[in-house]
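Two complexes, one shared chain (chain A), two partners (chain B, chain C).
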Partner chain A sequence: MEIFIQLILNSLIAGSIYALIALGFNLIFGVVKFFDLGYGAMIVIGAYATFYFTKIIGLNIFLAAALGVLSAGVVGLLVNRFVYQNLRKKKASNMVLLIASLGVFTVLQAVTAILFSSQFKTLSQSVTANVYNIFGGIVTQTQIVIFICAVVIMIALTVMLNKTKFGKAVKAIGDDEEVAKIVGINTNKIIAGVFFIGSAIAGLAGILIGFDTGIEPTMGLKLILKGVIASIIGGIGNVYGGVLGALFLGFVENFGIWKLSGEWKDAIAFVVLILFLLFRPRGIFKK
Partner chain B sequence: MDYFIHLGILFAIYVILGAGLNLLVGYTGLLSVTHAAFYGIGAYTTAILLTQTGFGFFSSVILGIFVTMITAFLVGIVLSKFKDDYYALASLGFNIIVFSAFLNWQDLTKGPLGIPGISRPELFGFSFSSNISYFVLAILFAGLIYFISKFIINSSFGRVLKAIREDEKAIQVFGYNTQFYKLAIFVISAGMASVAGSLFASYITFIDPSSFYIIESIFILTIIIIGGLANMRGVLLGALFLILLPEALRFVGFPSDIAAQMRQVVYGLILVLLMLYRPKGFLGEYDL
Partner chain C sequence: MNSILKTKKIIKHFDGVKAVDGLSVEIEKGKITGLIGPNGSGKTTLMNLLTGMFPFDGGFVAVDGVSGIKKIRSYDIPAFGITRTFQDVRLFEQMTVLDNILVVLTERNIVSALFERHKKIHHEKAKEVLERVGLWEKKNELAINLSYGQRKLLEIARALAMNSEIYFFDEPFAGLFPEMVKLVSGIIKELRTHGKTVVLIEHDMGLIRELCDYVFVMESGKLLAEGEPEKVLKNKDVIEAYLGE
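Here is the complex of A and B:
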């Protein structure tokens, strides 16, 4: 029974991480409609910027985390401005955009590794973690923060998308960029905003992972792929669906390795992806 | 000198990998990111047969092709249902699943420890144990694959592939079963990757799963994108370029761990710049 509760908690935590990644990814996908793998690098940049500000400069941890989130957002903004915006102007195909984003990802990951070395690092400052006992299962303080962050970001995005002018413009571009342009929406500016917010969320996810387990420059690829899978399960481009997809993925992975070895986690995730692409390509809630 | 021979052998292996992938990505327009999986299946088949059974290298190559093609057939049935970026994503998924199998099917693959002590090929009492003889062997294989690829491209079968790339619906109207063609070229391309895998395993004499992860698939994809999609000479150019680039970086004088990352920076930058200014690659004939 205890292992059962622990598995549920683990699934929830993994699901929350994936949810954060999927939230930003879906936000971006909603307006650009291609698989932006470069997004994976923003996870890494957020984490390493925070590492830099807290461990090397010695800033307060919250300030460092805020700067980390900001750095990820700014890098996302720059990549959009200098790469994707030009490609959009040329009406590049999705595959061209996908490969360009792969290039972006490779460059940013390698630059991070050059600056900070490829070694595994952790952001947390104390060796012992504060743990809490919930119905016999154990979670750390960091993991509770992860869960809260996921919930807060989801609510904030919902409010932003539904209640603000910016959010409505984002939805309009998602429906049809050309029409949005015609009715006077400055699409480049809105898309830039989306890249900033989405990348900042990725950065936050990276920072939280850094406190929970640790960081290495290569962590981005696996995480962005999980984010993509979660998004596809939930219905790609659907911000709330992505959260459900993320929870689903968290549960399937963690319960999947109940009987199998933990090394199979990634394979399980991709089997789920392929099953969904085959039988439910539009996600759980077929639109 | 020995070092140039080493680079030459790697060149031959990547020409084989690039040629097969170009048939799929360049000529048929299917963006596959799973080539390293088939490369790996070929390598593991040869490694296991040579270390645990009495099989010789050449029969292991044949068997490797066979095993790989059967796997590719099953994978291809699923993949041929997808298009464009979804095809890329699903194929990438298969690469990760196959990689997990290499890593976790420990009875067969010894997992992360890898398989050491793979022997060099022997033919009629002649052993390809020297690097120069192995180089000749690898070049012969590469030449063979290269000309088979050219033959496929110039055949009527190849023309259908190009037609699928340009407009799949149109060619379906003419009564071609495009699913069959897509599946067939996927299986052929996988078989070619298997040959490269066998050559790699027997040359390095040690393999472990890390050589067959998606990074390797992306590397092979980079070769053909840089050289040029749907151009066979582009494969040669791309393979040559990407094999010589690390040497050039070493020549500049970066320490080895930084040089490895610098290489990634250059690969990535080239990809981005090509997509921005020349999405068909240097010699390419087809825009993604």
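Here is the complex of A and C:
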């Protein structure tokens, strides 16, 4: 029974991490309609910027984390402005944008490795973490924070998308960017805002993972792939679907390795992806 | 003539095909101008050029006193006081009817827009235009779930919400029931009464006669004839090229 509870808790934590990644990824995909793999680098930048501000500069951990989130947002904003926006202006196809985003990811990951080395690092302040017992299962304080952050970000995005002028403009661009321009929506500014917010969420995910398990420059690829799988399961471009997809993925991965080795986790995730692509390519929530 | 919009030898080629071929037209302010011609004559292309959907390959445009414009970008359109509808209706499909209107009333400051909700004045304006086209009751429906006629009306309502000076309507009556035709023609006449300029692409010559003050007839990207509807529609070349089809 304790194992069962532990698996549920592990699934919720993994699902929350994937949900955070999928939230920002889907927000960006919703307006630009291409798989922005560069988003994976924003996870790394958020984590390493926090590492820099707290471990090297010596700032307070909360201030360092805030600056980490901000750094990821600003880098996402700059990548959009100087790479994607120029490509969109030249009517680049989604394939070209995808390749460019892979380039962005590779460059930023390499720069991170050059600046901080490829060695595994941790963001947490102490070796022992505060742990809590929930119905016989164990969770750390960081994992609770991850879960809370995922819920708070999802609620905040829901309110922003449905209740604010910015959110309506985001939805309009997602539906028809050309018409959005004609009716006077400054699409470049709105897309820039989306990149900032989405990248900041990626940065937050990177920081939280850094506190939970540690950081390394290559962490972005695995996480963006999980975010993409969660998004496809939930319905690509659907912000809420991505959250459901993330939880689904978290549960399938963790319960899948109940009787198997943990090394099968990624294989299970990709089998689920292939099954969805074969039998429900538009995800749980068809848009 | 008190013109609000002029084109001077405007050109658009698609892979060597002259869709608009050195066209010069002058649209009078506060009037309804018809743009007619056979299919493929370049009417919609001209409208697309003047609303920044495509760049033009040559020539100039003048809008409301700003002359020598060589390039119109789609996001410049509201600043020029221009709005439009499309031959194939283009709405924000995944948004509600109300949000389709509210979104065009969005202010441009991104930072404030992040947190700001639409004010009472925006909701009142949205209500006004949706009531005008009879869609207020449908305000919470997703645009994608509307009937074809309702979608056309919503697109017109969105154009009205823009409160522009120049309205381009590309076949606004196509596929509408008679009562909807009456409603839309009433709206177009009302715009003229308020001093707005309307450019109308339409194939129904009865509606052209009823609504238009002036007509341009296009054929193969060029101007075939122009003038008052009654005279133009009796023109032998026009009858041969268009009505005789």
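Before moving on, here are some points about what is shown:
Quick note on the criterion: the second predicted complex is superposed on the first by the 286 of 287 C-alpha atoms of A that agree within 3 Å, B and C clash if a C-alpha of one lies under 4 Å from a C-alpha of the other, contacts with A are read in each partner's own complex, and residues count from 1 in each chain.
By definition in this document, contacts are C-beta pairs under 8 Å (C-beta built on N, C-alpha and C of every residue); 3 or more make two chains touch, one makes a residue touch a chain.
Everything numeric here is computed off the predicted structure, so don't read it as measured data.
Set against each other, chain B and chain C differ in how many residues of chain A they touch, and the higher count belongs to B. Contacts of A:Ile274 after superposition on the shared chain: chain B is touched, whereas chain C is not.
When the two complexes are overlaid on their common chain A, residue A:Gly68 makes contact with neither chain B nor chain C.
Legend: residue contacts after superposition of the two complexes on their common chain; A:Thr187 is shown touching chain C, with no touch to chain B.
Looking at the shared chain after the overlay, A:Ala172 reaches chain C, while chain B stays out of its contact range.
Across the superposed pair, chain B and chain C touch chain A at no common residue.
Put simply, chain C touches chain A in their complex at residues 51-53, 73-75, 77-78, 83-84, 86, 90-95, 99, 102-104, 106-108, 110, 112-118, 158, 162. In the complex of the two chains, the chain A residues touching chain C come out as 160, 163-166, 168-169, 171-172, 174-176, 178-187, 189-190, 192-193, 287.
Of all the residues in chain A, the ones that touch chain B in their complex are 34-35, 83, 86-87, 92-100, 102-111, 113-114, 117-118, 221, 225, 228, 232, 261, 263-264, 266-267, 270-271, 273-274, 277-278, 281. On the chain B side of its complex with chain A, the touching residues are 31, 78, 81-82, 84-86, 88-90, 92-94, 96-97, 100-101, 103-104, 214, 218, 221, 225, 257-258, 261-265, 267-272, 275-276, 279, 287-288.
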